[in-house]
Amino acid sequence: MINIALLGLGRIGVMHGKNLMRNKGFKLKYVYDINKKLTLKISKVLKSTPIDNPAIAFKDKKINAVFIASTTSTHIKLILEGVRHKKAIFCEKPLDLNINKINECKKKIKKSNPKIQLGFNRRYDPGHNNLKKELLRGKIGKLEKIIITSRDPAPPSIKYLKESGGIFKDMMIHDFDLARFYLGNDEPEKLIATGSNISDSRFNKIKDHELASCIIRSKKGVQCIITNSRHCSFGYDQRVELFGSKGMIISENKRKNEISFYSNSSTSSKSTLMHFFIERYKDAYKNQLYDFAKFVKKNVKPLSEFEEGRRALIMANAAKKSINSKKFEKLKF
Amino acid sequence: MINIALLGLGRIGVMHGKNLMRNKGFKLKYVYDINKKLTLKISKVLKSTPIDNPAIAFKDKKINAVFIASTTSTHIKLILEGVRHKKAIFCEKPLDLNINKINECKKKIKKSNPKIQLGFNRRYDPGHNNLKKELLRGKIGKLEKIIITSRDPAPPSIKYLKESGGIFKDMMIHDFDLARFYLGNDEPEKLIATGSNISDSRFNKIKDHELASCIIRSKKGVQCIITNSRHCSFGYDQRVELFGSKGMIISENKRKNEISFYSNSSTSSKSTLMHFFIERYKDAYKNQLYDFAKFVKKNVKPLSEFEEGRRALIMANAAKKSINSKKFEKLKF
Amino acid sequence: MINIALLGLGRIGVMHGKNLMRNKGFKLKYVYDINKKLTLKISKVLKSTPIDNPAIAFKDKKINAVFIASTTSTHIKLILEGVRHKKAIFCEKPLDLNINKINECKKKIKKSNPKIQLGFNRRYDPGHNNLKKELLRGKIGKLEKIIITSRDPAPPSIKYLKESGGIFKDMMIHDFDLARFYLGNDEPEKLIATGSNISDSRFNKIKDHELASCIIRSKKGVQCIITNSRHCSFGYDQRVELFGSKGMIISENKRKNEISFYSNSSTSSKSTLMHFFIERYKDAYKNQLYDFAKFVKKNVKPLSEFEEGRRALIMANAAKKSINSKKFEKLKF
Amino acid sequence: MINIALLGLGRIGVMHGKNLMRNKGFKLKYVYDINKKLTLKISKVLKSTPIDNPAIAFKDKKINAVFIASTTSTHIKLILEGVRHKKAIFCEKPLDLNINKINECKKKIKKSNPKIQLGFNRRYDPGHNNLKKELLRGKIGKLEKIIITSRDPAPPSIKYLKESGGIFKDMMIHDFDLARFYLGNDEPEKLIATGSNISDSRFNKIKDHELASCIIRSKKGVQCIITNSRHCSFGYDQRVELFGSKGMIISENKRKNEISFYSNSSTSSKSTLMHFFIERYKDAYKNQLYDFAKFVKKNVKPLSEFEEGRRALIMANAAKKSINSKKFEKLKF
C-alpha cells in the first residue's frame, strides 16, 4: 500500500483523488489545496486528512508519494521539495511553462535519481496505447507517418487562455508527447508549425491561435502531422493514425453510445463524441495510476517521466518559434 | 457472338436491352413488345430490328437465344415456344404465379433438356455472391443462420399490387431463392410466415401485407430468417448476414456516396441507400449476362435455372398457406 | 440511504455487491450465501456483515431492501419472505422456471402491493434504453419491426444447461422482455419458435437447442424477430434494430476498443466484441440500481417489475410449446 | 454532337476513348498515337478513324474538339496548335513540367480566349465533389482545415519516376489542385513540404521522395494538410476531410465490395480499397466529359481550366523549393 498525499484540489485534482481512493494500491492520506475551505470540503469527499501546508505531507515519514495537481507554476517547487524528502512524485503536465526552470530543476535533482512520473495520460489510453503495442509487434511494418488529430469541444475562458502559455504549450504539448511515444528511440529532429484564427476573434487579441498544424520529422524521416483546434462542434475529436510499410492502424474516436439512426435524409448516424478529457480518457487516468504504483513499489519505469515533460516543452517552444521564423526548427533535447 | 431477341420492353426490359448492347458476347438483333409504338421507339435506342410478333425471332435460325422480360403471364408460353425452337432462354422472374402451369411446363420441356436461365439477379450481386464463395471456402465454418433483410423504398401502385400475387410471390420470392442459394444441397424443409400492415391501409383492402417475416428451416437445421417491408424511408435496404460456427459474414447495404458528416447533433452520418433495384443491382444485372453467355456457348451451368424459379414459387405458396394455417408448412419440391 | 442485504454471493451476486457498495444511495449491511465460507470471504470484500440466515436481514427493522441474487429456485420463497417483512425487493431474473409457482406468488403478494424490481438489465443498457426513448419521441414514426440478435460467446457447462430450463427460459427470456419493453402497451399476441443444433452434439443429448429463432406478433401487427445462439466466435453479439414507418434505429455492439486495422488483406478491422454480460452490460447493472433507489425512496416505478418476470416466462413457455406444435401459440398473460 | 479527336492512346488515353464512345454528347472521329501500330489497333476498339498526324484532326473543320492524352512534353505544343485551329481542348494533367513554358503559352493564347479544360479528375469524383457542394451550402460553417490523404498502392517503375518530375509535380499536384478547389476565392498564400524515404532505397538514388507531407496556408488562414505516399498496402487511399466552424465532412475511401467479416480475431473487417485511379475515379472520368460537353456547346465554365493546371504547378514548384529552403514559400500565381 502506498500512502499518498494529493496536492491541488481543482477539478482534475478531485478526479485523480477519486481514482486514488478506488485504487487498491494507494491509501490517500492527505489532501491539500491553497483554498482552505475547499481542502476541508474535498477531504470529506475523499475520506482523507485535510492539511493546510504541503510540508506536513513531505515531512511525514509514512508518506511514500505525492500527487501534484496544483497550478502549473507550483509544479517545479513541489517537485524539488518532494525529491528533497525522497518521495515518489506524480506530477500533472506541464512541468512548467519555462524551459530554463525545468532545466535547472533537472540538474538539481539528477543525483537523487528520483521517481517522477508525468501525467501524459494519452499514453495510457487503451486505444492509443494499443497502437504502440501493435507497432512494436511489427503489425504495420516500418513506421512511416503519424497523424494526430486533437480538437477540443470548445475553447476555455479567455482568462485561462491568457495564462496557458498558448496553444503549443497548453494543448499541442500532449500531441508532441504522443508523437515521441510512437517514435520511441527515433527522436524528433525538427518541426514547423502554423497557427491561425478564423471563427473566434478573441484569439487574435491575445496573440494565440484557435487552429494549429504542425509537421515533425524524425531522425529516420518519419513524418508526423498534428492538427489542433480549440473548438469542435461534434465533441472531443481525438484520433491517431499510424501508417507503415505494411499497414495502417487507427485509434478512433469514442462516442457517447453505440446507436445508429437511419432516416430519409441520412443513414448510420452516430452519436456525438464523448465530450471532453474526463470522459474520453477516463480509463487512461486510471491506468496511469497502476503504472505509478509499479514505479513506486517495484521501480518499473512508467511510460512517462520527468524527461518526457521536458522534451515536450522543448517541442512546444520550437513550434512557437517556427511561427515567426516560418521555417523548420531543429530540436535539441 | 450470340444473336438474341428481347421480348418485353418495359422499364426492366430496356435495362436488360442496354446491358445486352454493351456486352460483347451478345448481338441484340430483334426487340419486341406488345405495344408497337414502344417497340419502334425502343428499337432505335437499342439499335436493333423491331418485330411485331415474337414468332419472327423464334423462326429465325440465326437467333440463338431469347430474353424474356414481358409480363409474367406470358413467360411460360414464350418459354415453351423458345424450347420448341431450340433457343436458349433467359427468363425474368417469376416463371409464373401458378405452380401447376410451371409443373406442366417442366414436364413438357424435360426431354428437350433446354437451356433456361432464370433472372434471380441477387445471386450475381458482387456482395451477396461473395458471401457464397466465402461460405464454400469455409470462412465461417458450418452455416447455422441466414438473415436476409429486404425492404423496398416505397410500395408499387395499387394496380401493380393487385396483379402481383402478393408479397410472398412478388417480393419475398427473391429472398426464398437467396436462402436456397446459400443452403446449397441442404434444401429448405419447412417454413412459416407472418404478414401485417401498420402504416398503409391500402394493403388491408387488397388482402396483402406491407410487412412480412418468415422463418425457414433447412434439413440440417439451418435457420433462415427473412424480413420484408414494402416501404423503407432510407432507401432500398438489402442485407444478408450468414452466421456460422466460426464466424459471420455480412453483405452490407450500398449507399449513394461515401460521404460522412459530423455536426453538433450526430457523427459519421452517411448518405441514404441506393434507391432501388436498378441502381443497387446494376452489377448483378450485368454479371448474369456473362453467365448466360457461358451457358449458351459452353454449356456451363448458370447460378439460376428454371428449377430455381419453380422452387422459389413453391416456397412462396407455402408461406402464403402458413398465414392461414399459422403453422410451419412442409416444403415438397 | 437505503440499508440493503444481499442474498446470494455467486459471480453475479458479487458484481451486484460491488455496485451497491459504490452507489451512494445504498448502504450494504448484510451479505448472505448458503456457503458460509464464501459469505465470510465476500463480507470482507464488500465491507459488510456476514449472516448465516437470511431471516436476520428480514427481521432487522433497519433493513429497507433485499437484493436477491441466489439460485433461481429460491427466488419465490425469498420474495414471499421479503414481502411479509415489508422489504423492498430487487430480484435477479428469472423469477422461477415454473409459471404456476409465480402465479401463486402473485396472488399471495397482491394485497401487500409490494415493491419488487426485476433484474432485466437490458432495459437499462444505455444503447437499448435510448432506442426506447427515441421511439417514444417519434423518431422512427410507427414501430413496425423489432429485430433482436443475442448470441453468447460460448455455451455454459452441461451441468448449468441441464438446470437452466432450456434456451427459451434461460436465454431468450431476456429478449422476450426486451420485445415487450419496446412494444409498450401493444402487448405480444402470439409467437412461434424453432430450435436446432448444428455444431455441438451435447445439446441433442439434453434435448435443448444451441440455436433458436422466434417470431412474435403484437396485437397491432408489429413483427418481432429474435435470433439466439449459444456460441459466437467474435464475442457477445447483442444488437437491437427497430424499424418504423419513418426510420430505423439500431443499438449496435460494443467492442473492446476503438482500434481499426488496415492491411493487404482487409481494411477497417475492428476488435472483437466485449466478451460477455458483465463487461457488456456494466453500465446497465449500475443504472438499474439508480432506478431501484428511486423506486424504494420515491415510489417511482422502475422499468421492470415482478409482472415483467411473469410475462417473459409465459412467452418462454409458449416458445417451448411451439417447438412441438409447430404453430403460432397465443399468449395469455 | 461534338466531333472529337483523341491524341495519345496509352492506358489512360484508351480509357478516355471508351468514355467518349459511350458518351452521347461526343462522336469520336479520329484517334492518333505516335505509335502507328497502336493507332491502328485502338482505332478498331474505339470505332474511329486512325490518323498518322494530329494535323489532320486540327485541319478538319468538322472537328470541334481535341482530347490530349499524349506524353506530358507534347501537351503545350498540341494546345497551341489546337488554339490556333480554334478547337475546344481537353488536356490531361499536367500541362507541362516547366512553368516557363506554361506561362509563355498562357500569353500566346490569351487573346484567343480559348476553351481549355484540364483533367483534374478528382474535382469530379462524386464524393470529393459533393464536399464542395456541402461546403457552399454552409453545412460545416466557415472552412478552417482541409486534410487530404493520397496514397498510391505501389510506386511506378523507376523509369517512370525519373521522368515524372518528382512526387510534387507528379502526384501531389492533384492534391494541390483539390486544395484550391475547396478554398475557392481564398487562394493558397504559402506552403511548406517535407519528403523522406524509409522503405524503398530507390527513391534516394533518384533524389525523389517516397513519402511527402505539406502544409498550405490560405490568405484567410485556412490550414490545408496533404499527406502522400507512393505505396499503400491496403489499396489506393484517397480521403478528404473538411473541418469547419460548424461541422466536418469527409469523403471516405471506396472499397472493392460491401462485405464485412467477423471472426475470433476481428470484427467488421472490410475489403481492401479499390486498387487504383481507373477504378477509384471511374465516375469522375465520366463526369468530367459531361462538363466538357457543356463547356464546348454552351460555354458553361468547367470545374478545371488551363489556369488550374498552371497554379497547381506553381504550388508543386514551391513545395520542391521548400524542401531545400526548409521554410514556408510564398505563392505567386
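Labels A, B, C and D are assigned to the chains in the order they are written; within every chain, residues are numbered from 1.
Note that a contact is a pair of C-beta atoms (placed from the backbone, for glycine too) under 8 Å apart; a residue touches a chain by one contact, two chains touch by 3 or more.
What you see is a predicted model, and the numbers here were worked out from it, not measured in a lab.
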Task = Look at all chain centres (mean of CA atoms) and spot the one farthest from the centre of chain A.
result = B
Key: Chain pair with the higher count of C-beta pairs in contact (B-C, A-B)   = B-C
Message = Taking the mean of the CA coordinates per chain, how far is chain A from chain B in Å?
response = 58
Ask   = In whole angstrom, how far does the Cα centroid of chain B sit from the Cα centroid of chain C?
value = 42
Message = At least two partner chains per residue is the criterion; list those residues in chain C.
response = 233-234, 246-248, 253, 261-264
Note = In their shared complex, chain B is touched by residues of chain D numbered 126-127, 130-131, 134, 139-140, 246-254, 257-264
Remark   = Residue positions on chain B within touch of chain C in the complex are 141-145, 147, 151, 190, 192, 194, 196-199, 211-213, 215, 217, 220-223, 225, 227, 229, 231, 233-234, 237, 243, 245-248, 325-328
Key: Residues on chain B engaged by chain A in the complex (per definition of touch)   = 233-235, 253, 255, 261-273
